[in-house]
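In this document, chain identifiers A, B, C, D, E and F correspond to the written order of the chains, with residue numbering beginning at 1 in each.
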Amino acid sequence: MLLGMGSVFLFLTVLVLAMNGVSRLAAPYADDGARGYPRHQPASATAGNESEEIVAVISAAISRYRNRS
Amino acid sequence: MNGAEALWQSMGIANMTWGQLLMMLVGCLLIYLAVARKFEPLLLLPIGFGAILSNIPEAGIAQAGGLLYYIYHIGIETGVFPLLIFMGVGALTDFGALIAMPSTLFLGAAAQFGIFATLIGALTLNLIPGFNFSLADASAIAIIGGADGPTAIFLASRLAPDLLGAIAVAAYSYMALVPIIQPPIMRLLTTEKERNIVMSQLRPVSRLEKILFPFTVLLLCILFLPSAAPLIGMLMFGNILREVGVVDRLSRAAQNEIINIVTIFLGLAVGSKLSADKFLTLETLGILALGAVAFCIGTAAGVLMGKVMCKISGGKVNPLIGAAGVSAVPMAARVVNKVGLESNHHNFLLMHAMGPNVAGVIGSAVAAGVLLAVVGS
Amino acid sequence: MNGAEALWQSMGIANMTWGQLLMMLVGCLLIYLAVARKFEPLLLLPIGFGAILSNIPEAGIAQAGGLLYYIYHIGIETGVFPLLIFMGVGALTDFGALIAMPSTLFLGAAAQFGIFATLIGALTLNLIPGFNFSLADASAIAIIGGADGPTAIFLASRLAPDLLGAIAVAAYSYMALVPIIQPPIMRLLTTEKERNIVMSQLRPVSRLEKILFPFTVLLLCILFLPSAAPLIGMLMFGNILREVGVVDRLSRAAQNEIINIVTIFLGLAVGSKLSADKFLTLETLGILALGAVAFCIGTAAGVLMGKVMCKISGGKVNPLIGAAGVSAVPMAARVVNKVGLESNHHNFLLMHAMGPNVAGVIGSAVAAGVLLAVVGS
Amino acid sequence: MLLGMGSVFLFLTVLVLAMNGVSRLAAPYADDGARGYPRHQPASATAGNESEEIVAVISAAISRYRNRS
Amino acid sequence: MNGAEALWQSMGIANMTWGQLLMMLVGCLLIYLAVARKFEPLLLLPIGFGAILSNIPEAGIAQAGGLLYYIYHIGIETGVFPLLIFMGVGALTDFGALIAMPSTLFLGAAAQFGIFATLIGALTLNLIPGFNFSLADASAIAIIGGADGPTAIFLASRLAPDLLGAIAVAAYSYMALVPIIQPPIMRLLTTEKERNIVMSQLRPVSRLEKILFPFTVLLLCILFLPSAAPLIGMLMFGNILREVGVVDRLSRAAQNEIINIVTIFLGLAVGSKLSADKFLTLETLGILALGAVAFCIGTAAGVLMGKVMCKISGGKVNPLIGAAGVSAVPMAARVVNKVGLESNHHNFLLMHAMGPNVAGVIGSAVAAGVLLAVVGS
Amino acid sequence: MLLGMGSVFLFLTVLVLAMNGVSRLAAPYADDGARGYPRHQPASATAGNESEEIVAVISAAISRYRNRS
C-alpha cells in the first residue's frame, strides 16, 4: 500500500513540477489572448441583430412613407 | 404432440432457476435506479438490461453464439471498449481548471488512498472463511475506490474477469451515490470556517498550454509508468483531438458517435457478466462492502489533503474541493459546489473543484497502472 | 509477354460466367427498383450493389479474404446485424397507438397466419420433383409472410443460411410491393360500408404506460417464449432507450448512427449471398412464389380478423386496419389510410392502423420465436 | 401450423390481458397529463410569434411616428 | 522490496531503446506537422500518435493483446478500413466537373506515370547493396506516386505489409507537401502564355448523368480490371449513395460517422506499424526518396499531358490543370487555382482542376488494380 | 512499365468514350433542368425573403394606419 500510494504521489508530484515548467515555457508563446474561465457568449446576440434590422427596415419604410405623403 | 412438447420445454417458466430470477430482479433494480433516480443512467440502464437478457433461461444470449457473448468477447475481453470510452472522455474533458492550478493534482492523488486501503482490506477479508481473493482479485476490487467506471472495467478485465460484473456494478453504483455518500463525510471533516473559504478566480489558460498538457502527461507516463499507457494514452489522445483545433471531425466522432455506440455495447456486455453463478456469491457482498469503504476513505483522504493544502497555502484553498478528487466527473465537483453553497450562498466552488475532479481521473489511471505493474506481470 | 497475359487472364470479360452476368443484372434490377420506384431503397440499394460486387469474376469480394465475406461473417452469420437493426427499430417506434388499443394485437396475430400457411405450402412443394426443402428451410421461407426484413434475415441466418439471399430479397421486395399487393385484397374482402367506418379517437397514453410497455412484452417473452428473446429483447431495449428520457445520447445513437451504419453493411452482406449457384435455382422461384402467397394470405387473414373485431365491437372497428397487421412499418399503415380515404374523404385511419402495424412487428418476432423453438432445437 | 398459430395467438392474447392490467395499474400514477394522439404542434408557431413581434415593433414605430408628427 | 523492483523494471526509462525513442520523435514530428503546419491533420495526427503509443516500452499496445494490434488486425490486415474510407470519399465527391469534361481523364491517367516510373526506380535501387525490394514491394512503394492515401494503404496491405508504415507516411506526407512540391514543377514546364489561358465555363451536368457515371465506371472495371473492383466498387458505391437522393440516411452515414470513425482507427493502426525495427532501416530512406521522385514525375507527366491537350484543343486547355491529376483531392486543385491566379488575377481554374483531380483518384485505383493483377496473383 | 501505363491509358480512354456515349444517351432524359457549375445559391435568399415579408407587413400596417387616420 505504501508502495502504491507512494508511486501515485511521486508520479503526480513530478507531473505538477512538469506542468509548472511547461506553463512557464509556454507563457511567452501564448498567442490567443489567454482564454479565461468562464466565457459565455451573450445568447441574445442574433435576436438583437434581427430586431435592429427590423427597426432599420421600418425606419426606411416610414421615411419612404413620409416622403410620399 | 412433439412440437408442443418442444415448445413447452423451451418455455422460460419451465426452466427458470431461482438464481436467474434473482439476477433479473437485480437488473430491474439497476434500471429502476437509472430511470427513476437518474443514477448514472447511461451505464446502469444498459447494464441492467444486459443482466435481464443474459439470465433468460434457454435463450443463451450471453452464451457462445449469442449477441452479448460476441459483444463481451470483442469489446471487454480485449479491453477495447473501456479504452475507447476513455478516448471519448478525453475528447469531452476540458483540463483547463487543472492546468490553471496544478497543485490540485495532490488532491487527485490523495483520493486514491481509498484504492490502496481497500487492497489491504480485501486481503484482510481472506481471514474470514468463504473469502479467497487473490492479489489480482483484490487489486481489481480496490480500483472501485477510484470512482472511475472505465478504469475499473479495464483493470477488472485484465486482472479478474470473473469479478468484472460485480466490480462494474459497484463502481457505477457508488459513482451514482456520490451526492449521498460524500456530503456527511465532507461536513464531518471540515469546520464551518473552512467551508466558507472563497477561492480566488482561476488564472486564464492559453490554448498552447492546453495543447501541451496531454503531451506532458503522456511523456511522464511513458517514462515512469508504461503500464498505465493504454489508459492515459487514449485519454490524452482524445484530449489532443479536442484541443488542437485542426481535426474537428475526429473530435466530434470521439465525443459522440464512438462514445455513444460503445457505451451501449459496454453496458450490455458488462450486464452479461451478471449471471447468477458469478454474482450471487459471498464474494459479491464483500466487493460491495469493500467498494463502499474504499469510496468513503477516498473522499476522506481527499478532504484531509485539502485541509493540508489549506494550511500550507495560508487559507487560500477550500478543503471541500478535495472531495472531488475521487473522479466521478462531473458529479463530485457539483456536490462540492452544493456543499460549499450551504455555508456561503455566494461561494461557487464548481470551477475550482473541476481541477481535482479531472485530476482524480488521471490519479485513478495512474493507480491502475501501478497495480498492473506490480500485480499484473 | 507474361504480364499482359496475366492481365488478360484477370479480365472480367475473359472469366465471366452467364450466371454471374445474370446475377449482376438482378442486382441492377434491385437498384433500379430502389432508385426509380423507391422500393425500400435503404435496403434494396445496398443489397443490389452487394449482388453486383460479389459476382464480379476474379475479384473475390465475397470470398474468404474479401470485404463482403468479412462483413457477412461478422454481422450476419452471428445474427448481430439484424438484432442491432431491431434495436434501432425499437428506438424509432412509438408504440402509443398499440398501447391505446391493445386489442389490435389480435390483428397483428392474425396476419401471421400467412407464415404458417406458407410453412405447409413449402413442405407441400416438396411433392414436386426438384424441390427438397427441409423443415428448417420451410420455416425460414415461411417467415417472409411476416413482412419484416430483420426478422426474416435473423431467422434465415439461424435456420437456412444457404437460402438467406433469396429470402431477404423476397422479404424486402414484397414489403416494397405492399401498395400494389394489398389494396385489391382489402377491397375484395370488405364491403363499402365497412370501409366507411369512422373510428373513435385513440385515448391518450401516459408516459408511464409507454415505459412499462416494453417491460411487459419482455416479461411475457421471458416466461413463455425465450427463443424470441434476442429479437424481442433488442426491440424492447431500443424502445426503452427511447421512452425513458434519461439516455437521449444512447437513444439517438440507436436511431441514427448504429442503424444507418448497420443498414449499409447488412445490405451489402445480404447482397453477397446472391451468388449465381445459390440464387439461380428452382428453389428461388419456389421461394419467391411462396413469399407472394404468404404475403397475400397474411393480408387476407388480417382483414378477416378485422371483420371479426368489427362484428364483436358492434361496428366500431374498420376492418381495413387489419391489413396493417403484416408489419411493413409504416408502409402498410399508409396503404390502409389511402384505401380508407377512397371510401370516405374525411376518414383518416393512419393512427388506428399504426396499432396493428407495430403489433405485426411483435407478431412476426413471436412467430419467429415459435419456429425457432419447434424447429431450431 | 395449428400449433404455431395457436402459440402466436395465445401469446398475444396474454399480452393483451397483461397490457390492460398494466394500463389499469399505471393509470393513477400517470403524471404527465396523458399525452394524446395525434398531437401536432402548429408548424407556423415560430412564424406566428415572429410576425406578432414585427407587428408589435411596427405599432411602436408608428405610434412613435405619430407622436412626432 | 519485490514490488518496488517490479515497478522499476516496468518503467519506460529502464527499458527504452534508442530506436523506440527515435520513433516516438518521428511520431512527434508527424503530430507537429499535422497541428502547426496543417499537413493532412486528419491522418497524420492519429498516425503520429499511433507511432508514439506503439513504441512505448513494456506497454505492448501494438503487440498481441494490445489495442492497436487488434485495430490493425481487424481493419488493415483485412483491407476493410481503406475500402470504407474509399466509400466515404465516394460519398463526399462530386464528379460533376469530370462528367462535364471527360477528356480530363487523360490528365488523371498521365499523372499515374509517376507510379510506373517509380516501379522501375525501386527495382533499379536493388543494384545498390542493402536494398532488396521484391516486385511486390516495389509495386507497393510505387503507388505512393498516386498521391492517394487509402489506395496506397490498401495496396501495401495486400502486397507488402512490412513496408506499410513507411509507405503510408510517405503517401500522406507528400500529399501534404503538394503546395510546396508542385508549383515549381508547374512553372518550369509551362510558359506564361499557357498559364494565362482562360477556360470556358463547364457545361451543366444533369442528375441522371451523375447517377449513371458510377455505374459506367464500375461496368468498365468489371469488364476489364476486376482486380480494381474492391477500390473502384466501394468508391462508386459511396458515390451512388450520394447521388441517387433516396438514401440520404446512408449517404450521411458514409460521409460522416463511418469515415470519421474509420479515419481515427486507420491512423492509429498505420502508426502502429512505425516500429523501430521496421521503420529505421535503409529501405525507409529509399521509400521516402522514391516517393518524392514518383510525386514529381507524376506532376510533370500531368502538366506535359496538359500541354498536349492544350495543343490538340487549339489552346482551350490550360496545361496547369494537368498537375491536379495526381489526386490529393482537393489540395492539388487548389494549388492549380493559386498558380493560375498568379499569372492572371481573374482566372479561376478551381472547377476545371477538379476534373483531373477526381480523375486522378480513379486513375490511381486503376493503376493499383493493374499492379494487383500483374504482381499480386 | 509500358504495360502498366498502357493499361491505365487504355482503360481511361475507354472510360472517356463510354462517358461520352452515356452523356449522349442520357441527354434527352435529363429532367432536372441540368444543374450547372458552379451553382451557388444566393446566401441571402432567406434573408431576402424575410425582409420582403417584413416590407409587405409594413406596407399593410401602414395602409391600415392610413385608412384609420
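Here is the rule we use: contacts are C-beta pairs under 8 Å (C-beta built on N, C-alpha and C of every residue); 3 or more make two chains touch, one makes a residue touch a chain.
Small disclaimer: the values here were computed from a predicted structure and weren't measured.
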Copies chain E and chain C - interface residue numbers shared by over half, same or different: different
Most distant chain from chain D by Cα centroid: E
Approximate Å spacing (C-alpha centroids) for the pair chain B, chain F: 52
Between chain B and chain C, centroid-to-centroid distance (C-alpha), Å: 41
Euclidean distance of C-alpha centroids - chain A vs chain D, Å: 38
Contacts with 2+ other chains: residues of chain B: 3, 7, 224-225, 257, 370, 374
Contacts with two or more other chains, residues of chain A listed in rising order: 3, 7, 54, 58, 62
Chain C - residues contacting chain B, complex: 78-80, 83, 211, 218, 221-227, 229-230, 233-234, 237, 240-241, 244, 246-247, 249-250, 252-254, 257-258, 370, 373-374, 377
Interface residues, chain B side, partner chain D - complex: 1, 3-4, 7
Residue numbers on chain B that touch chain A, as the complex places them: 96-97, 99-100, 102-103, 105-106, 108-109, 112-113, 115-117, 119-120, 201-202, 204-209, 212-213, 216-217, 219-220, 224-225, 351, 359, 362-363, 366-367, 370-371, 374
Chain F residues within the chain E interface of the complex: 1, 3-5, 7-9, 11-16, 18-20, 22-23, 26-27, 29-32, 34-38
Of chain D, residues touching chain B in the complex: 3, 7
